[in-house]
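In the two complexes that follow, subunit A is the common piece, with subunit B as its partner first and subunit C second.
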Partner chain A sequence: MKSNGRIWFPAGVLVSLGLGWFGFPAMLYRAEPQPVAFSHKAHTGQKGGMKCEDCHALREDGSFSGIPGIEKCAGCHASAIGSTAAEKRLVDEYVSQNREIPWLVYARQPENVWFSHAAHIKLGKLTCEQCHGEHGKTDTLRPYEEDRISGYSRDVRGNPGGKKMKTCEDCHGRCGVGQQGCLDCHK
Partner chain B sequence: MKVGRRDLFKFAAGSVAGLAITPVPWKLLEDTALWSQNWSWIPRPPRGEIGTKFTACTLCPAGCAVRARCVGGQPVALAGVAEHPATRGVLCALGLAGHHLPYHPLRVRQALRGGRPVGLDTAAAEIAAALVEMRRSGSKNLVAVLDERPGRTASWLYRRWLADMPQGRYVTPPEREGATLAALAELIEGDAGPLGLDLERVRTILSFGAPVLDGWSTPGRVLRRRERFQIVQVETRYSRTAALADQWVPIRPGTEAAFALALAHVLIEERLYDEAAARRAGDFAAYRKVAGEFPPERVAGLSGVAAEQVIQTARLVAGRRPAIAVGGGDPGGGPLGREEEMAIGGLNLLLGGLERDGGIVRRRAVPAPKELEAGAAPVTEIQDLPNGSVGLLFIDASAAVDALPWRLVEQKLASGKALVVSLAAYRAGYAGHADYLIPAPMYLESLQDVPAPADAAEASFSLSTALVAPPQGVVEPVEFVGRVTGNAGTLSDWIKRRAAAVYRTGRGTVTTYTTGKVEPLAEVGSAEKFWNALTEGACWQDERVGGRAAPGVALLGRHGDGAARLRRAAAGRLDAGEAPAGQYPLVLAPFGWRGATGNTALSPVMSKVYQESGLRRAGNQAAVHPATGAACGLTDGCRGVIETQCGSCGVAVFFDPAVMPGVIQVAVGPEPPRTRSVLEVCDLEGGCSWRAARARIWKV
Partner chain C sequence: MTMDTKRKRPARYGMVIDVDRCTGCGACMIACAVENNVPPAQPEATDRTGITWVRVYQIHNGASFPENRTAFVPVMCQQCGHQTPCVSVCPQQAVDVDRETGIVGQMPQRCLGCRYCMAACPYHARYFNWWDPVWPKGMERTLNPAVAPRMRGVVEKCNFCQGRLHAARERAAAAGRAEPKPGEYVPACVEACPTAAITFGDLADENSAAAEQARGGNTFRLLQKLGTEPKVYYRSSRPWVHQVAQQDFGRRKKEEIRG
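This part shows the complex of A and B:
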């Protein structure tokens, strides 16, 4: 039987679309679990009662402290408080050995991007949720996805809602911060 | 179902068409670009704790205090220190990007012999053997160290060691920013000691081409007081200082001495000079006679400045005292010349600026350890060395700032058998001419001391501490020279001894950067505490020397030939040369910026903040007036060749209506590879200046 020649072109298009939109992203990003199963909810909810800035504070000089070091964790978890396997691992592998947890930071920007938390929190009066959403209320940490080619986090260069340059530009436009020069962010 | 070749092509075409409306090509394009940001060899600071460290910039003699923002101990951003008493938080473009320089592509990481790698120990052994052979053969050739940053502890070590060698000479480049003060010291009777400029109280600065507002003196000192003094800029080039000055006096190249004498003539004729100063001058009558030979009308013909403007300038300067006149020349274009500086020094004396607030003041020298001061070799400027006399030359180019033509160095070497050892951090400047290139640590890679700059009003001392580990194989220049000459010594130990010598003075104050606290040195407690304060971020500043009776002066110098030398210089430098004006109708005037004249490396980063052309012209870029260019058959943007009596070099030509007609301004800077520097074709004018030469230019 001779094939119907008209189906081959659309078939090629459909295969490409399928691979391009679904197969390619799945192949491009490598998912990696966080080293410790941390629950923001357990710390910030009614049980923990902590605020974002209790761990992610601005230093005296205005710079952002980022993710707290193991010393901060050890303040409460010098020994296990509960009975979860995650906490046991935290205590055994990191706190008791005074070893920093190699967190995989979703929003870590490339070296050529200069971002000031202080300017956005103090001058822009932004809340943590406006950029980080409900991250502070999540019960688990989703896997970190790394672009196999560029090496950057998917949150920075991949996801539509990620911390991309367009996100910054749009927000600055909405907030009327004004025309930005390249060197405002790229030092 | 049978699939034909045509079907496969259709499928492939459909796949390609479909792919174009998927993220694949666009994401791959973007990711490939981003991938290039993360190549393993690209230096990047480690993640880590953010902190602040203090140091001092050694890229030029100003020694500005530096606050370094460090991540994981690695400096990632530099800024000035507002608490520093002199620099007041100011840092120039060069200094702001100073932490990039250790990673420059021209960085030398291993010793080179004739351009090929050689072990450091082998190089040291070979140079030491050459030195032994010189001694054994009874050679009269000199062993010299050319120190491009005199005054450091390393400089004292060189001087001490060379003093023990019968053929040893300690050599410096021609005096530049301190030239006016050095010339003034020659006009003062007795031991003048170090002199300084009281920029804090001055009301008028008469500048003969000094880049007062563009990296001169200590920029923080100048900018802090800018609103309180006026600047009259006497200069051929419409430089940034000329553009920002209160008055720009465009002058023909090489006529500064005539202009200074014309000002002196007006001051004397209109009795605008300081009569007390004139009474102290034993040769005032002779000086008056020399100045009388250069009335404004005559000088108008020489310098191109209208007689009326000469008169107005003299009245302006005399009417806004205290005033100082400064020369020093250009970092790229060379020093002014001793006669010009003598004429400028004479103006300072006529204006009554000596020993006066807002004028020229005495200061003390920064103490050095007694073991080094006692019996140190005298300082010889390179032009004063006999030609063909040096058999072994060490060039400490680790702290190079201003340009020095290789020809000036080369003519001092013994023909055919001299050995040149360059100790530098970069494969630039003299490195291409040296037999051995020894890698030296870069700024921020080793402990250095920062004594007061040449024009400071009081002595000061601070430390440039190491914030970055140097590459393996790098050696401190002075320690290498010590090893080769059989003198053991560690620079950091000697710097500590010098700090102890400063402490023993018990004078002055210590400013701590972290707190801004200023306390008397005597209350610091001990030399060890003083040292700790310096290493953590502090500086010592001496007291001002109290007023003394102004000494006797000789306006024409103390050597008896001042009048004749002044007359010759004022008659015109270019006319005194051998180049025929008919063959070379134009004047070549090189220029440059402090710390950016070719013997060191520059970071490209500041060009992202400002247009590169706004910061500096690249090396061998020539600017000419459009009319001059048209007359020479040039076009804007063309390539050209400049020829003088000393040779020729290629340049890129740009038209600039701000350039004086008949003049070719050529930037001195890091030249493109395999390019002959314009300095190599400049006339050395008796061996100490190269700022103007007769030339011609044509298009290629």
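This part shows the complex of A and C:
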């Protein structure tokens, strides 16, 4: 029987590429939806008019507050604003019970990484958008993706695949800062 | 207001340990272990296999009674400034000398556990994790979040409390400064010493107390003949301490031991 290599070979290449390109990454990461449907757009847009710093602030000692606690939400959402099902869930399950929302933090660093927002904002004069992109204007939270092997978050800066040491190194190299020792950023 | 947002010149952090003041109490060793997440020793650990980033050695002048004298010498990583032995032998580039601070840094995640650096270190200041770290139940809540625990199979050592340098840098950054002011960054052992025997500071800053003491009389460094230019200085008014410091007094405790 004559094998038809002209068809089978490219088809095999395509299948392998497809598996490597789409199948493997899907296998490597586990996606999980965020516990609450949160819209940054609703808060920062015309309706809310809030700034990033209103919720995510630097503390006096330079540490970063991260995601605000439930008391911050309760400041406005003590009772439901609007009548969506998600809003009702937020008030019933979290605000009225004074329970913290178990957010899945995209930007959580591995335990051996030291990252200081203060150094980047105060000394580097970076804006939030330079690293986090348009995250503050998005309407939905994308699913949290966790590396099945390391347990680390896949994306730290709003762009999938963005959380690599290379990203840090590139910027530090361009700006000529802190590329001296491993322990500048590792602990 | 001027903002000092760029680093001026590289620092050379170092310390001067006054041997005449050291009482051998071991508070530095405890403070160090607590600060740097060194777990309690395994029951089967020995002097050779246990982990103590700073180790207080007792030295003797070798004379018999009534001329016998003893002293205590805390030995941590000496932060060698010239041809740092551990850096030159590491096949993994898991050790580097930070050009900004002069601190010899160890990256446990890169370490493959060959222990070549331990053989190279003339001060026996490097330690191998023979076991996975285990904290008694409840004690894991006392872990310092500024320091990542290490795993079995890697080497670790003193890095002048890098976590404290990070914290000090973050506080400085919040105030708009690139580097902490003198005194804002102090390792745990320095802080814990009840007799204030350790003076820590930037040796490159001529006005720092550490630089002043290092320049002063009666100072010496361990195994000076090797030319490793450690950034840890010692001082004593007793000549015999100077002599013993030039011998490899850690060897008996660290190498010639079974188990």
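Heads up, the rule we're going with is that the second predicted complex is superposed on the first by the 167 of 187 C-alpha atoms of A that agree within 3 Å, B and C clash if a C-alpha of one lies under 4 Å from a C-alpha of the other, contacts with A are read in each partner's own complex, and residues count from 1 in each chain.
In this section, contacts are C-beta pairs under 8 Å (C-beta built on N, C-alpha and C of every residue); 3 or more make two chains touch, one makes a residue touch a chain.
Small disclaimer: the values here were computed from a predicted structure and weren't measured.
Comparing subunit B with subunit C, more residues of subunit A are touched by B. In the superposition on chain A, contact of A:Leu183 is made with both subunit B and subunit C.
Of the two partner chains, subunit C is the only one that A:Glu60 touches; subunit B does not reach it.
Once chain A of one complex is fitted onto chain A of the other, the partner contacts of A:Ala11 are limited to subunit B, with no touch recorded for subunit C. When the two structures are aligned on the shared chain, A:Gly173 is found in touch with neither subunit B nor subunit C. In the superposition on chain A, contact is made by A:Asn112 with both subunit B and subunit C. Looking at the shared chain after the overlay, A:Leu123 reaches subunit C, while subunit B stays out of its contact range. Contacts of A:Pro33 after superposition: neither subunit B nor subunit C is touched.
In the superposition on chain A, the residues of subunit A touched by subunit B in one structure and by subunit C in the other are 59, 61, 63, 111-112, 182-183, 187.
Chain contact summary for the complex, subunit A toward subunit C: residues 58-63, 111-112, 114, 116, 118-119, 122-123, 178, 180-184, 186-187. Interface of subunit C with subunit A (complex): residues 5, 96-101, 103, 105, 107-110, 146-149, 159, 162-163, 166, 169-176, 178. Partner subunit A is touched in their complex by these residues of subunit B: 1-4, 6-8, 10-19, 21-24, 27-28, 30-32, 34-35, 37-38, 44-45, 50, 52, 77, 608-609.
Contact residues on subunit A toward subunit B in their complex (touch as defined above): 1-3, 5, 8-17, 19-21, 24-25, 28, 59, 61, 63, 110-112, 147, 149-152, 157, 182-183, 187.
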